[in-house]
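Below are two complexes that have subunit A in common, paired first with subunit B and then with subunit C.
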Partner chain A sequence: MVEHRPLLKFVSHAVLILGAIIVAFPLYVTFVASTLSLEEILTVPMPLLPGNRFFENYAQVLTAGTTTGSHAAVGSMLFNSMVMALVVPLGKISISIISAFAIVYFRFPMRNFFFWMIFVTLMLPVEVRIIPTFKVIADLGLLNTYAGLTLPLIASATATFLFRQFFMTIPDELAEAARMDGAGPMRFFFDVVLPLSKTTMAALFVIQFIYGWNQYLWPLLVTSEESMYTTVIGIKRMIVGSDAANEWNLVMATAVLAMLPPALVVVLMQRWFVKGLVDTEK
Partner chain B sequence: MAMEKRVVFRSAWLPYALVAPQLAITIVFFFWPAAQAVWFSFQLQDAFGMHSEFVGLENFAALFRDPHYLQSFKTTAVFSLLVAGCGISLSLLLATMADRVIRGALAYKTILIWPYAVAAAVAGVLWSFLFAPSIGIVTYVLKGFGVDWNWIIKGDQAMLLVVIASVWKQISYNFLFFLAGLQAIPKTLIEAAAIDGAGPARRFWTIVLPLLSPTAFFLLVVNIVYAFFDTFGVIDATTQGGPAQATQILVYKVYHDGVKSADIGGSSAQSVILMVLVIGLTAIQFRYIERKVQY
Partner chain C sequence: MAKVELRNVYKSYGTTEIIHGVSMDIADGEFVVMVGPSGCGKSTLLRMIAGLEEISGGDIAIDGRVVNNLEPKDRDIAMVFQQYALYPHMSVHDNMAYGLKIRGLPKAEIETRVQRAAEILELSKLLGRRPRELSGGQRQRVAMGRAIVREPKVFLFDEPLSNLDAKLRVQMRAELQALHKRLGTTTVFVTHDQVEAMTLAQRMMVMNAGHAEQIGAPLEVYGRPASTFVAGFIGSPPMNLIPGTLAEGGAVLLADAGARVGLPAALPKFDGRKLLLGVRPEHLEPCDEAAALLVPDVDFIELLGSDVLVYGHLGADRKGARVAARLHGSMAASDGHLALRFTPKHMHLFDAETGKRIEIE
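The block that comes next holds the complex of A and B.
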């Protein structure tokens, strides 16, 4: 710092601690609620220290769901969420990296037209074409399938842009050298471009993992069978009535399970996460 | 967009094969449905989709005669301005403080980025639990202060709840961008001002804030887009647009009218209007980015 001001330093820490407490409070209460019995939660005010029902609550939701709301086991929901969280980023990265490669490293008729077609999809979020996209999935017979859950989310203009932008920074000399050595475009792609893109891919993967895991509207539309619910949908289905009618201890245990995988990714891969976030918005 | 590679490869078919998967998905799941949305918006369908007739702009005219729809516009405006305003000012405050401290910086940052990982619907569930009218812990504290809290029947409290949940979820994003912006400000500028006798507050208003204004403007657009579209989960998990449409933002109304009430024509007309709004917002975002590149 420029100068030493103890009071300002104290204020900074005080503001940050207060902010961190407010941000963390809902997370803490969620965890506490997931370790209590339903009776303990329904006493007003509920206890703010963890109870002793941790194992019972988690075992119950993982294998059997709730009794008043949805009976679907959270174990299979976690699996479905994981499918989305892995297929969406991997699919996105694969189709975007090859289309960006084609657009940057080839000259061909309609190239600009294709580029603009991909670009325009930025302006068509799922939320604004709910009904017709649902119809397309229904017509293709993809309701309640993994393909229906993931395919429409795989196309992404931002990922294509990000790779295009990165490819523009790869020195021309590398492509020239590859061509002189007689390497074809795909050889160049696998031996040069792909290894150089590792950082970009990692950053995209982290962001898209969270995006895939946290999807809500789309799975809500295309899944009606309990076996296809994702965890986030499962939580919603467990809440059936007003306040006291829900088994909040089980809902909150499910909420903890729903938050944990993306939170671990964010915290443990913080460096890639921040890079991915900042890069995709450029 | 003007930049081009000097060295390129040649093939008559390979580039088409490489763009094909992305184009196929884009056409099937983006263009086709968007075109259908436009087409449906000119038609009147019965609830089962058996009959439809072409009605021209009647669906749009009906929308703008519908006081609920006009109200939903107002609700969306209030909601997105509150989310963007509160989210940006709170995270600017936190980022400015975090930029000053050295000890504990990583711990603060780790806690503050956590909400990004929480799904919007889950954020809605957490906050509605804290604020639950009969059993919520925050409700209990509010009662102690004499506040009669019940968002299930009071519209303004319901709005407050969805704003809090939405701001909470977005705070990580804003915080990280402000922190990156603050760390990009050259330390020499700050030091020079300090030598000239400017105190921390003066330096913040005259140096830091003007240099951060591009970041703040960018975040304003991003936050408005977020409030428009990505808060669907928050609303569906808490108020479901209620009470009496007090929190029914445009996206929620598209879903409600199309999926719950099966009004395909009306919902599609709303989709088309939303698309126009998104195109406008994206254009603003890109004009800004173009300007940033020139700097």
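The block that comes next holds the complex of A and C.
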């Protein structure tokens, strides 16, 4: 639209700015709270300008955790979260791209059956299968391990389906040309399919990184040792008992730390994202 | 370079047979065009030679070796696809070099071959570009370059020009011919365009519904079509085919709607036979009413500049066979009737039942 109507422009900007403020305000309060002392937070009303305990608060959570709640250092929690947020998407992408490749490019018996098997699992949310999954992981002795934390989340129907849809848009002639050139299936996969899937992979990585980072229910079940807590679980474990008993300044500092990596990933990968959407190399 | 032999080749998908036994010997260095309407099986046949489709029956031999069960890469062939099928993420150079790299050729050898092919196809300045930065004609040339660098025994082309605009198509046609002259590689070319077939082929195979209707040099196919299908497919506008019964000692064809078409020379031995009389539009010439062999009612006229196309109908109330005539000059034909004649050597007869050509001699 190239309409030029000043009033419309003003109203639309006002609405957008208001929306941004509404969304950003809780984040701001979180940040402010993380720079105050506990006493300052508990005063009514809570100050809305940053305090002077920024370094103390962050240093304490990173190295020692809270004193009343969990004592696990957030530093190691961040590491655990990072492991989970990296292993889950990388594992997901590598497994589903290979399964999608098999389903699209190979004619094997019951191909459609297997595809539908994978597809049907889309309909089962994590919560439905969480007890049997827990039992399996427990029986395998994987509680409180990185494997136990990540393995069940790696299998993914969504990613397989996405890659399948993408592969089906690659012209058949390309596969045939590669066959003519003497490329075997795996050669075709690495030389042609993989480079063409780069943008799809980037998109999936971003989505799955956030998914892995924000996991709550599963890590809550499989981790009971403080050293295996992820950041999100850490926040939960820091909150104990009544309102006044919690060190909210430390909890808020942890929350800010928990929000940073996903935000960074989105910001840094955004250019890639857009580039991938703009020039489809097909 | 090699010869290619098709021996009674069949293809079926499940119980549906789509190629019903095609045989042809393609000589070493020959340029053969397979032409036919869409769905006639010409591309399938080409893909069977390429090894992209399984052969249900019969044999295909390249250079004397039966290749039925060989992978495409082991057949020593190169194929150019209709949609070019260039690797989008590779530069022009890498597109051409990819097949050689897989074959494990030394780097220096790859370089010389790519440079030479680029020179032949005038791609030297574009080697660093990606396919999407090229025009249709340039992409087509890269696809050809990818075939050339392999130095295969046989080139296979699957409608490579049909995505280009008319002008570029004529130009690429000439380039293809020049290329074939220069390299002398056996070439099989598939197209639905009869003009492409006529201009490129040393020999052509006209296909219809999974059969090879006629195999021969372009002029032979044009001059002596083996069936009504070939007669209608090759040539534009297509040959006039007038169904009827020969009468009066084989001197007159009694056509539908009471139309009478005279024969330039009586054929007593076919008297009373039901058949189709074929005359090409360009072989009809205007004449006096007295000497006319057929007098169609004119429906409309197309002026092409050098020629005039006249379309009409025979018989009462324009209910008989359609007739087209290509007349020279600006013979702005009068509305109404048009008196036409043709010579015996331009007359074709086809059996009314089978559609096969009837030899007059």
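Throughout what follows, the second predicted complex is superposed on the first by the 268 of 282 C-alpha atoms of A that agree within 3 Å, B and C clash if a C-alpha of one lies under 4 Å from a C-alpha of the other, contacts with A are read in each partner's own complex, and residues count from 1 in each chain.
Simple rule for what comes next: a contact is a pair of C-beta atoms (placed from the backbone, for glycine too) under 8 Å apart; a residue touches a chain by one contact, two chains touch by 3 or more.
The structure presented is a predicted model; accordingly, all values stated were derived computationally and were not measured.
When the shared chain is aligned, no partner comes close enough to touch A:R271: not subunit B, not subunit C.
In the superposition on chain A, A:A24 makes contact with subunit B only, while subunit C stays out of contact range. Of the two partner chains, subunit B and subunit C are each touched by A:R179. In the superposition on chain A, contact of A:L196 is made with subunit C only, not with subunit B.
Put subunit B and subunit C next to each other and count what each touches on subunit A; the higher total goes to B. Once the two complexes are laid over each other on the shared chain, residue contacts for A:R187 go to subunit C alone; subunit B is not touched. Judged by the touch definition given at the top, the superposed model places A:H71 against neither subunit B nor subunit C. Contacts of A:H13 after superposition: subunit B is touched, whereas subunit C is not reached. Common to the subunit B and subunit C contact sets on subunit A are residues 176, 179, 281-282. Interface residues of subunit A, counted against subunit B in their complex, comprise 1-3, 5, 8-9, 11-13, 15-16, 19-20, 23-27, 29-30, 33, 41-42, 44-46, 48, 94-96, 98-99, 101-108, 111, 114, 117-118, 120-125, 127-136, 151-152, 154-155, 160, 167-168, 172, 175-176, 179, 184-186, 188, 210, 213-217, 220-221, 232-233, 235-236, 239, 242-244, 248, 251-252, 255, 258-259, 262-263, 265-267, 270, 273-274, 277-278, 281-282. Partner subunit A is touched in their complex by these residues of subunit B: 3, 5-11, 14-16, 18-19, 21-23, 25-34, 36-37, 40, 90, 93-94, 97-98, 100-101, 104, 107-123, 125-127, 129-130, 132-137, 140-141, 152, 168, 171, 173, 176-177, 180, 187, 190-191, 194, 200, 218, 222, 229, 232-233, 236-237, 251, 254-255, 258-259, 264, 267-268, 271, 274-275, 278-279, 282, 289. Considering their complex, residues 171, 173-174, 176-183, 187, 191-192, 195-196, 279, 281-282 of subunit A touch subunit C. Across the complex, subunit A is touched by residues 50-52, 71-73, 77-79, 81-89, 98-99, 102-103, 130, 132, 146 of subunit C.
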